[in-house]
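Sharing a structure with you now.
For clarity, chains are labelled A, B, C and D in written order, and residue numbers in each chain start from 1.
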Amino acid sequence: MPSEIEERRKYYAAIGKKNLAPLWEVLHGLVTPEPVHRVQPAIWRYDDIRDDIMASGELITAKEAERRVLILENPGMPGESKITTSLYAGLQLILPGEVAPAHRHTQSALRFVVEGAGAYTAVDGERTTMHPGDFVITPNWTWHDHGNDSDEPMVWLDGLDIPVVGFFGASFAEKWGEDRQPISRPEGDSLARYGQGLLPDGYARRSHTSPVFSYPYDRTREALETMRRREEWDAAQGLKLSYVNPVNGDFAIPTMGTFMQLLPAGFAGVPYRATDATVFSVVEGRGTVEIGEQRFDFGPRDHFVAPSWSWYRFEAAEDCVIFSFSDRPIQQKLDLWREQRGNA
Amino acid sequence: MPSEIEERRKYYAAIGKKNLAPLWEVLHGLVTPEPVHRVQPAIWRYDDIRDDIMASGELITAKEAERRVLILENPGMPGESKITTSLYAGLQLILPGEVAPAHRHTQSALRFVVEGAGAYTAVDGERTTMHPGDFVITPNWTWHDHGNDSDEPMVWLDGLDIPVVGFFGASFAEKWGEDRQPISRPEGDSLARYGQGLLPDGYARRSHTSPVFSYPYDRTREALETMRRREEWDAAQGLKLSYVNPVNGDFAIPTMGTFMQLLPAGFAGVPYRATDATVFSVVEGRGTVEIGEQRFDFGPRDHFVAPSWSWYRFEAAEDCVIFSFSDRPIQQKLDLWREQRGNA
Amino acid sequence: MPSEIEERRKYYAAIGKKNLAPLWEVLHGLVTPEPVHRVQPAIWRYDDIRDDIMASGELITAKEAERRVLILENPGMPGESKITTSLYAGLQLILPGEVAPAHRHTQSALRFVVEGAGAYTAVDGERTTMHPGDFVITPNWTWHDHGNDSDEPMVWLDGLDIPVVGFFGASFAEKWGEDRQPISRPEGDSLARYGQGLLPDGYARRSHTSPVFSYPYDRTREALETMRRREEWDAAQGLKLSYVNPVNGDFAIPTMGTFMQLLPAGFAGVPYRATDATVFSVVEGRGTVEIGEQRFDFGPRDHFVAPSWSWYRFEAAEDCVIFSFSDRPIQQKLDLWREQRGNA
Amino acid sequence: MPSEIEERRKYYAAIGKKNLAPLWEVLHGLVTPEPVHRVQPAIWRYDDIRDDIMASGELITAKEAERRVLILENPGMPGESKITTSLYAGLQLILPGEVAPAHRHTQSALRFVVEGAGAYTAVDGERTTMHPGDFVITPNWTWHDHGNDSDEPMVWLDGLDIPVVGFFGASFAEKWGEDRQPISRPEGDSLARYGQGLLPDGYARRSHTSPVFSYPYDRTREALETMRRREEWDAAQGLKLSYVNPVNGDFAIPTMGTFMQLLPAGFAGVPYRATDATVFSVVEGRGTVEIGEQRFDFGPRDHFVAPSWSWYRFEAAEDCVIFSFSDRPIQQKLDLWREQRGNA
């Protein structure tokens, strides 16, 4: 046998020079019976990190930073600027009077407001004023900038598909050249035009991303309150909605599914897992989530992540409203997505 | 030649017995260079007919009538219960305390509230209270009933695809057996669930009709006011929106396109024509429309019809808000729809 | 009561002048519990009518006729140039050396070759030579002409959506000005380009109609022979396939579904009905079909029609191959289509 | 300044313990102005590696190997079992009498036959016999096995989305338990049923992958010969076709676009680049390709790879027929794909 091993080593070395490698030595690690990855469950409690976020405001100017963001790095992939294998998440701080200059890139971004009110995001010539719980999109390859004309700091969750775009070798980016792009559309125009059950006659879509780029929290919250009266709860997820593109009923962003869910006080969910590792941002309420072997208590403004195919289970001490995002739209388009519910 | 004519006559008679007919004698009438039809322009001014509508409330009970409706019959097709070749329109009266009993049919219906407030339509276990300008759908083959619990009469426009369903030989209808179907969903549930930029996670569509069955006027009106600030007016149609199914971005009803448009005070449109004969219901404002050789002044609650491929042109003395419907969704699906704008 | 009747008569007369009519007097006939129409079952046996078809070749020149076609008129709708409420069918004769001049119209047409071989149809700059059993499309608003360069007469079935286009008021037609349009593409180009599991990179569809306009019978027949080895027979329809548009997998023509089915020798089907009245053209084999109360023996080149929602049932004495067409694509797009299978 | 640097270091260390990292230190490497990756242009000439492939047949049994494949590893990513960032490619050898046992996995695979004839692939109960130039799919999560009943070795190109499935954490795999799955459908059934311009009436798709799993070369080659008569050549790509799923007209596999192109003798293309790194397998003809700074002569059975956004340019000494695949379907679904043509 040693001679056989030796023979194979020689062969592998020889073909290696020709950029060939034996599949049979690595197949078991490439095509695995279940998902294999380095993503770990983790929580970022807002109380623990708020001071660090605010400290970044003293440490570095908005100008210098371009975007002053603390990346939520998955503890299983330190130094990789990722919260899951495919997604980036960070908490962005913008102080009164600051701007984050206009640029565009092929990465899609979502903003979910965590603290503060009155800063704005401008997309494609239209500004939207941001409030806690608002979900705002800066679509792939559209000019966008942010500014804070209020008198308090604002913090929002940034969710981007940076690893996806990098993986496919498709990153492009440009700066506008000035801090703010010109405003050509009144505030609320996109929501009125596309988000009220109507579309301009003859509207032709230009991308897969929703033309509505701001989904205000008051509207979402009110929808949840109306719906809960029907008392139909998913055993694992309570009442879970996805934000949709009104032009086609698909996810609002082609690369990232975004969701809002309500767990009623006293909810004790069954275990659940899916192949889309998911990032959660708590808006209201206190509860507990078990992810894999870990158990996290959570409250408002906390963030946590559940890895792909890892069981997780919710309990809600109070009515909980939780925003989340994942790469599910991609997985569904590619026939890769699976989910499973366990027993109570 | 007479003998040739005679010979043909004999031949035609002989083959006629075998259910054969010569195309060459009729081709010119079947495949015409431009649309040929019997639809005429017409207007029904509300002031002229309101007394007749109210009189129907004395003449016949709701019970007896099942639906107490005056059909808007096109003057070019008397006795055919049609306002265009493919569409039915009528004005329905429901008095305080009355009900229109629950039934379902394969005909799709739209309701557009003209007068009164506080009556309801129930669809598939959910009630919606109706106000002027509200657009309500009773989808194909869903149980629906109406009732008026208010203390004033209500009148709404009924638009149905009755001629379409008849043409295709696909009419089915059933009665529920009782006046009112049981209510299983709270009011506002459908709008919350499907009409706020969200969809329940895992939602699977069951039909081509919008699951939102009530599009309140205040929401539509507010959208128009926001949009008008952009000052982008179509030369013929002003600012024209179509009601959409949020599940797929298509028309709200698969057989009937429904639209709301705003013509700003002073608007003088260019001529326009399209192959979809269109029924208009004025909500607000006074103006004039020229259709073919006719010129009609119109005001709130008036109804008029523009035939297929007939030029029409709007002028608005005041801000006008006009609802309309046509068979455009069908024509577009079949590659039949055409439109044309003329010169000012 | 007489006075009440009188009162209503007066009322009806008065409102009639205002183009209003009482729905309650006609509702029962408009929204019926089951489909109501005048279409009757009928058969046209080729042996009975071939002489009449050939006689048309002597009676009238191709030039004079533009298209020399005998319409298959439904006995329930004499003089209406229809085989069902929504469809036109005819048998077209083209003699050696003749041409049917180039034109285009918004009506879509299918050609199904019944007798003869070697004539051609030219569509949009490409000719296809026709053989028995071939299914050829002349799409909505594309230039087309026909010619017979062979030395025998050719007869084909014409199926058109003439009543549909008329019903929607959307007929447009133009003549090319010369008998033959110029040929710019080699024969077979469309089939190679779109019909072999491939599409040109970057192909953008321009209409809902298949870009493949000729589906040769030998290919269809061979597919049926391969498939039958799996011995999976629908209890009513045997092995039934629909012709599809390879660009979207939908029906080949947006207004008319086209089908080919194989009934194996000895097949005794269960009763079947659907809301799409269907026209059948027998290609091979002898059998029997019961439609409603009637029973027809059929053989090759015979044509028959089954009305909407009328039960029909097949028996096959030999292997039977039968082409058919109906308005099913429209009904499915509008959520109107229903089918039902009965017991053996 | 040193104190500021020191201060930041401390801050970074402190927040690092909380799984936070400063975006501003890494942003330039995450969101790049143009694609950044490690993929290099490379060629594998068949003459150089055929002996190595055959030697693998002596070195290791099919049984032992499960799949006896030499991975084509990109020289820029040694040891990563990838030919591009997102795709895997290998050359698989199967000797007479051998089998590659039945299994299934969520990875999609394409097989493109390079040498030999008469081996088979079985998918979901149906076998297909393979010949040079045939393109065969083993779809996501379908049982498949291979065997060689011929008397010569067969070599084919394996293309898989292994890195994609791994990236999204969605790998699942199972073994059937026996070498061969049972055969329940006759050979040719899928092609007859779905690949001839027809679909079984009532067919409901179950996945995004084409139900046709074998696209024979003779059919593709004949289509190219017919099409070339039209003499319409893309300046960069000659005549390039994509394999499509006949059920929806989309790419045959949702994760990998597959293409066949013809470059006529004498073709001298303009430079071209796109964001989808592409793997090429030459079927017929000799020519040259410049990729980035490199220039490769190629002939039949050679394989080469062009990185994302790297210019490449073809010259054809003879008629060349070239198969290729890339991740373009994913990029297009995500609005990430770009292409550019240069000047001659």
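Observations on the model:
Here, a residue touches a chain if its C-beta (ideal position, glycine included) is under 8 Å from a C-beta of that chain, and two chains touch if they have at least 3 such contacts.
Chain-to-protein mapping (UniProt): A, B, C, D = Gentisate 1,2-dioxygenase.
A quick note: this is a predicted structure, and the numbers were derived from the prediction, not measured.
Of all the chains, the one whose CA centre sits at the greatest distance from that of subunit A (Gentisate 1,2-dioxygenase) is C. Between C-D and B-C, more C-beta contact pairs are found at B-C. Legend: contact pairs of A-D compared by residue number with A-B, B-C or C-D; the interface matching in over half of them is B-C.
Note on chain placement: the centre of subunit B (Gentisate 1,2-dioxygenase) and the centre of subunit C (Gentisate 1,2-dioxygenase) lie 30 Å apart, centres being C-alpha means. Centre-to-centre spacing of subunit C (Gentisate 1,2-dioxygenase) and subunit D (Gentisate 1,2-dioxygenase) amounts to 43 Å, using the average Cα coordinate of each chain. Partner subunit C (Gentisate 1,2-dioxygenase) is touched in their complex by these residues of subunit D (Gentisate 1,2-dioxygenase): 185-186, 188-189, 191-193, 195-201, 205, 210, 212, 215, 219-220, 222-224, 226-227, 229-230, 234, 237, 239-249, 252, 259-261.
For subunit B (Gentisate 1,2-dioxygenase) in complex with subunit C (Gentisate 1,2-dioxygenase), the residues that touch the partner chain are 7-8, 11, 14-16, 18-24, 26-27, 30-37, 39, 42, 44, 48-49, 52, 55-56, 59-60, 64-75, 78-79, 81, 84-86, 88, 90, 105-107, 140-141, 161-174, 207-209, 254-255, 275-277, 307-309, 327, 330-331, 333-338.
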